[in-house]
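Structures incoming, each one as structure tokens.
Below are two complexes that have subunit A in common, paired first with subunit B and then with subunit C.
== the complex of A and B ==
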């Protein structure tokens, strides 16, 4: 390259970029596409990487990552004297934990967790070993009366608790003054000092003692040093949040990539139009002796400028969106996995680099073909106008062939599919195959409509036939719209099906009137007490142990086989007479669907569990639905559980009331038996809470869907404004022929409405296919839950109305542009263009 | 049919306001064919646009078929252009998505004035019979211009306004199309105001006017 060449190249770049000064809207749309795509993608990336960082911090969670627990065999809790004795004996890794469930005056359940922050082992105290997590907090106020109750901000918001306020519980007790603060892994629990919790709950024993990292030798010494009533057990609840949450993060990433793809459609449109409009400039430059190489370099330089600008703005927008979406994602993560993510979001250099790389690749993808056509063509315009028509038909054919290839690849992937990532590759292939086939579908339907209208009045035929002139410009926008509509419909059907399945499942599983969870209650004695016979129809005490199966914490519950909910336990898959044989003590076991789909367990297969007496074999008789649970779970008859494990703990009591008995009667009996308010929940409260959690979990999905649809709307607007810009002289000429403004608007609107309607119609079966894949394959692979797909026309109708609204809005903008620009175009009629 | 009375039109330019038409008076009778000559930038096209109601004068009065354009709203102006006035431009502006036959009938269909006999006459005289099922992009430039002429005349407008209608054609084709255009305008019974910078084309018409320094002059050459 000679010294004059960079200067010449600079001139060429300036000449090319000058186009955007004259047409700032195109610059805006190009940037809008890039920003929209990058923003949504980076928002999810920021959240994902932030969540991963939070999981790493989860190692410091109170007790959850403790290596061992010390519990009381009798379930009475652990005396303070025993704890002090252990500490004095040199076991400095032992710290106390108090956990309790209480309820507010409005009956909202609350979880309380408490510890002695000063006793936490250094390795579990949080970053930098600072027990309070934040040096600015007043730890003296935390450990001294009146103490502090730490409320996570979101929880304080929900409960309407302000800083310094004391939340009053159902029984009139008041929590310590609220501090709106949270340890990273506090979760949706109120955190306080162990002294405050004991005083609040009226207890003098700890729930358990947690043990920090210790060597096997120390563990053996510790076990030997325990009083007879206490036992040391390995913490089976240690969980790998990264592994557990991988599916959800993959789903979020897939949705963000879809948004990026939809954003790329806008970019593709904008780049194509900007090259199209600059044909005369490119031609003039070539006539002036600028080489194709120099022009290519100039456009590459321009691309670098756009990609850098788009990435920076997109990342900034992404940071903003991630702040807005974080509460929804946090809710999903917490509700599904109990994983908590903090509130501080940061952009890491890798996300920045990937965003720029993706933008560059996207722009290169959008530019390559139109640029090749522009630069490989003759310097002077040649050929006839039919070249454009033929080029459009050729482009549709090429896309259709591409769609066929993608569809074949999708079929191949479907038969081989074994992981969540492959599942999303399949969804991507299906979506893009449909999007690429769409232009040909629209063209064919349009041709058919033309034939149907062959005998219609000329003006009507003209209005419909104008679709042929609009289709090339609308092609990309319609593909983007199809992707957005399909994703919306697919996910809506998934969420709707899941919601219905969950509600039905809750109706069957939460069959009892009252659920009690109290360490104070002698469940068997309470149910058998003749004093309760007047109101109690039946009671079902549930016991359970936590073991480790396939490397995951796994709960084994012991069920009373005689109670109504157990007798009618809905099974997703089962052997003949499964429930009767299981209840009959044939060493049969019921497993949740997660154990089947994620753990690979089959019906009739033998599962080996480690009991107190060594490994024991059970045959799988059925799989039960267990929505929302990330863990494996097994059901055994209560007696079978007791035979296998000595130290089973009570996990609750379900009570069925006799007809006509009020809940107050039962509650009075519970109080008389020593149960405190807040330790029982009515059936309706549990169902309401479950559905609320479900809706909050899927709020993120709805937000992403809406944003994707907005991006598609922007693509539509870009395309229509491009049509307006390109065809303004033609529209002016029509006006000169006497076409009214209303007729002109009809010419623009009718084909557009036709294409949008066809795209919407195409999205309905495609959305059903997507939801079918999501429900029967992706969802099962991701979470291990199965459910029937419930298709309803309502989401499609709602989206149809929404699309109509978007089209109306876009048309309104176009009409205002038309009104503004048409007079000038009419005044210029006849001048050489 | 068309009258201008003291029509003034000015344009704002960076260097100040420019008066393009400085009090133009003009009258064209029904059936009369008038050529408007002038140098580039003299305001010929502006005058034509004002006559069609595509632009509004700063002062003066324009009437078409007895209707004062300033008194007409957008809808009435559209109705005027639909039925009374026809425009023919150097660019043909045919509707690419309609066949030649539909393009010819387009404006007549808009104003509901289809005349099958006259349509057949136009098609034959413009040698378009074999092109009717084709689409505009399949025609040559000359053929497209003939379609535009047929479209402009089929509904027998009272006034035809043409702006360099043969500007895109070669010299030989231009003469033939011009002669045909004039004859067909006469056959339709329309008045014609044609802007051109070619004296040869102007010679085909009844009267020639020269626009110079914003005013009309009779051609005395």
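== the complex of A and C ==
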């Protein structure tokens, strides 16, 4: 490069960029694509890293670190005297925690968490991390009657609670006056003073004691100082959460990458047309003697400008989107895993760097290919329409070959697939194979239509043949649309199937009339009490222990083998006559599907569990469905559980009423037995609650779906506006020849409608394939749940209508543009070209 | 007199006031609480126990000790009670009492301190009789009397990893400060009930960094309770408790007024425990030297303040005069309610030792 070249390069860059001043819409589309892609991707990235950071804080309880928990072996809670004795013995790292579920007047569940702020370990350090140092906290009001109930802003909104109001519970008790505020790690829980919670709940014991950072020596002394009923256990929540939520985060990332890809399609379109438009400029520059190298450098410079701009705007939008999406992700995490995710989002430098790198690579890819085609060609190309069509046919062929390669790779991956990530690679391969094959499919269908209409009136044939002129421009938009529609349909079927399976499962499992969960109630005594015989048909008092199996927290339940729910336990897989033999005391065990799919357990295999008497072997007789549970779970007959473990705790009571008995009778008996209102749920309430949790959990999926579709709609608009700009002189000529605006619109609309319809049709089987993979492979690998796939034409019809709506909207915009610009274009007729 | 007295009061109206001018809080009248009036008869050992009708109260101990090598050590342990409302106290979590404790140790190598908080009513912190014996505690920090009186007794606490366990004994009666225990704090009538035990024999062991040391020396106990302690124009105070080599004990304090006309008071205690209250005209306090002291806080770990750490204390009527100087500069109590409190030497130790408390500087 000579010394004069840098100056010339500046001029070349200016010449190239000046194009966007003349065609600001293209700049807008280019940016829109970049921003759309980066925004969704970075939003998910921000949420994921935020959630992971929250897990790292999961060993914090309300801002204080909890390395251990002290719990009661019998499940009775912790006596206050035991706590005070520990404090007076110098174990100041110990602080009380009360957690409970209550229900609102309209039966929405509320989680309550309470502690003594003055007893948090941090408050005693005196420096930093002072629990009392929070400037927003009037802690004197917090710790004394009437106390305060802290509602996170989102929860207060949902419940319609205003500051100072006292939320009334179902049984008429009122929470302390509300304060719209939240502590770290409060999550979707209402925070209050431990004194307020104990008096509200009518309890005198703590749920557990949390233990702040302690040395191993102190931990050993603490364990030795505990009364016999209490035990010290390490807080493994962070490890457990990181492990448990990995699949969910992979899924989110995969969805965000999909939208990045869709965004890239828009960019691809925009770049393509910006280059197409600038062909004369490029030609002129080359004729002026600018080298191919200098032109390449200039385009690289342009790429850098756009990628930097796109990344910055995209990241800003991403931050906004992540704020909007966070509540639903938090809800998913808390519902599925009990993971608490805070509300403060931060953009970390790595995300920024990756976002910029991705746009750069994406843009380079989108620019490089068309650019190479452009620069490789002769300085003065033919420039005929037929050349364009020929180039398009060539591109279609290349894409089709690529699609074939991807499809082959997909088949290969499918046979080898073992991890969730490989599963998503497979999905990506399938989706892109389909997308790349689409242009050829559209072209073939178009050709077929042309043949069918061979003898039709001129206008019809004209319209069809004009489709050939539109196809190159619409190609990428259609591919983006296919991706979005397929993803939508696939996920829709997945969620629908899951919802149906869950509802059916709940119907089978939640057979009893009332479910009681009260630490106060002697469940077996209550069922056996003759005083209750008048109204109580059957009661099922379950017991359970929490152990670790395969390094994960695992619950082993003891079931009464004679109750109706146990006798009709729906099993996903079972050995012959499994339930009867299991109940018959043959050292058989039932496991949830998670233990099968994620834990690798098989029917008839031996599972070794650590009982109080050492390891014990059980043979797996069957697997039961256990939707929504991230943990492994086992069922043993109640007597078998009691043989293996000394300290089993009561885990709830199911009650079947005699025919004709009202729920009020049962509730009165429960109250008489010391159960507090809010500690029981009617059958219908549980089902409603479960479905509500389900819907909230999948709110994120729905939101992502909608956003992807919007991005695809934007891609369509870009493509059509590009066509409009490109062909405006042509349309002006037609208009001058007497073609009406309505006819003109038809010329644009009919091929478009044809292509969109074909794409939509292609998306239907493809969506089914996607949901099949999601349900039978990815879902099982991620969560360990199996369910039948339920395909319904409704989502496809809904999406068809939605696409038609988007097309109509896009056409409306195009029409207004056409109306606005055509007169000027007609005036310019003959002055250009 | 305790700095924290004032600062704890700031708690009453919450952080907004605490971040502004905590003194403004003290201008509240204490309505609803029992008020401090002259002529109240004192009753021991009953008055060692809490007076929950009053807003604020403390049990405050300092000790000047020496090890076998003759090096100076110091201990401070204070338990504060605070009523959050004038209502009658109830047991349980609804109790309106909260507790705060401060502890510090001055070793030949430096100074360490710690603070704690606790709710009243649940047994985590309390002052009461347990099995007939006086007991004051917050978690595992405790002052326990052998009988119903505070002394003789045993003081056990920790400061970080340092463990303190000392025996306390005294054979002189408590000194009622001011007029028979009615200690006036301003011309406007603000006052507290105040008695002291300035002659306490202290012995025991202190384990710092795993190394036990046997210490002996003299201690000072202050008991004070009030509902409305300070006047409008008082910024803070300088408070001395000195054990003199001749067996006398001296307590003097100065409540600093905006206009420079400070409120001075004190008492001169003979070795036999007989005491004479010192009026404002009998005390002269002069700052000899101000030192720049590191006063780190969580908000500003690099903070420093200018503090008067060298004084001339004169009692012209008794024709006595001493210079009082801080043993070391760094004896800052940098907790949630910061102040300076530490070991001082009288005439470089030749005439005695003591404690000095400085509040309200450099705000």
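In this text, the second predicted complex is superposed on the first by the 757 of 833 C-alpha atoms of A that agree within 3 Å, B and C clash if a C-alpha of one lies under 4 Å from a C-alpha of the other, contacts with A are read in each partner's own complex, and residues count from 1 in each chain.
By definition in this document, contacts are C-beta pairs under 8 Å (C-beta built on N, C-alpha and C of every residue); 3 or more make two chains touch, one makes a residue touch a chain.
None of the values given here were measured: they were computed from a predicted structure.
When both complexes are overlaid on chain A, the residue A:140 reaches subunit C alone and has no touch with subunit B. In the superposition on chain A, A:626 makes contact with neither subunit B nor subunit C. When the two complexes are overlaid on their common chain A, residue A:392 makes contact with neither subunit B nor subunit C. By the touch criterion stated above, A:740 is placed in contact with subunit B alone, subunit C being left untouched. The residues of subunit A lying in touch with subunit B in their complex are 384-386, 388-389, 457-459, 461-462, 465-469, 729-730, 732-741, 823, 826-827, 829-833.
Those residues of subunit C that touch subunit A in the complex are listed here as 11-12, 14-16, 19, 84-85, 92-94, 96, 98, 113-119, 122-124, 137, 139-140, 158, 296-298, 334-336.
For subunit B in complex with subunit A, the touching residues are 45, 48-49, 52, 54-55, 74-75, 78-83, 86-87, 89-91, 93, 95-98, 102, 105-107, 109-111, 136-138, 151, 163-164, 195. On the subunit A side of its complex with subunit C, the touching residues are 80-81, 84, 87-90, 92, 116, 118-119, 123-124, 126-128, 130, 132-141, 143-145, 193-196, 198-199.
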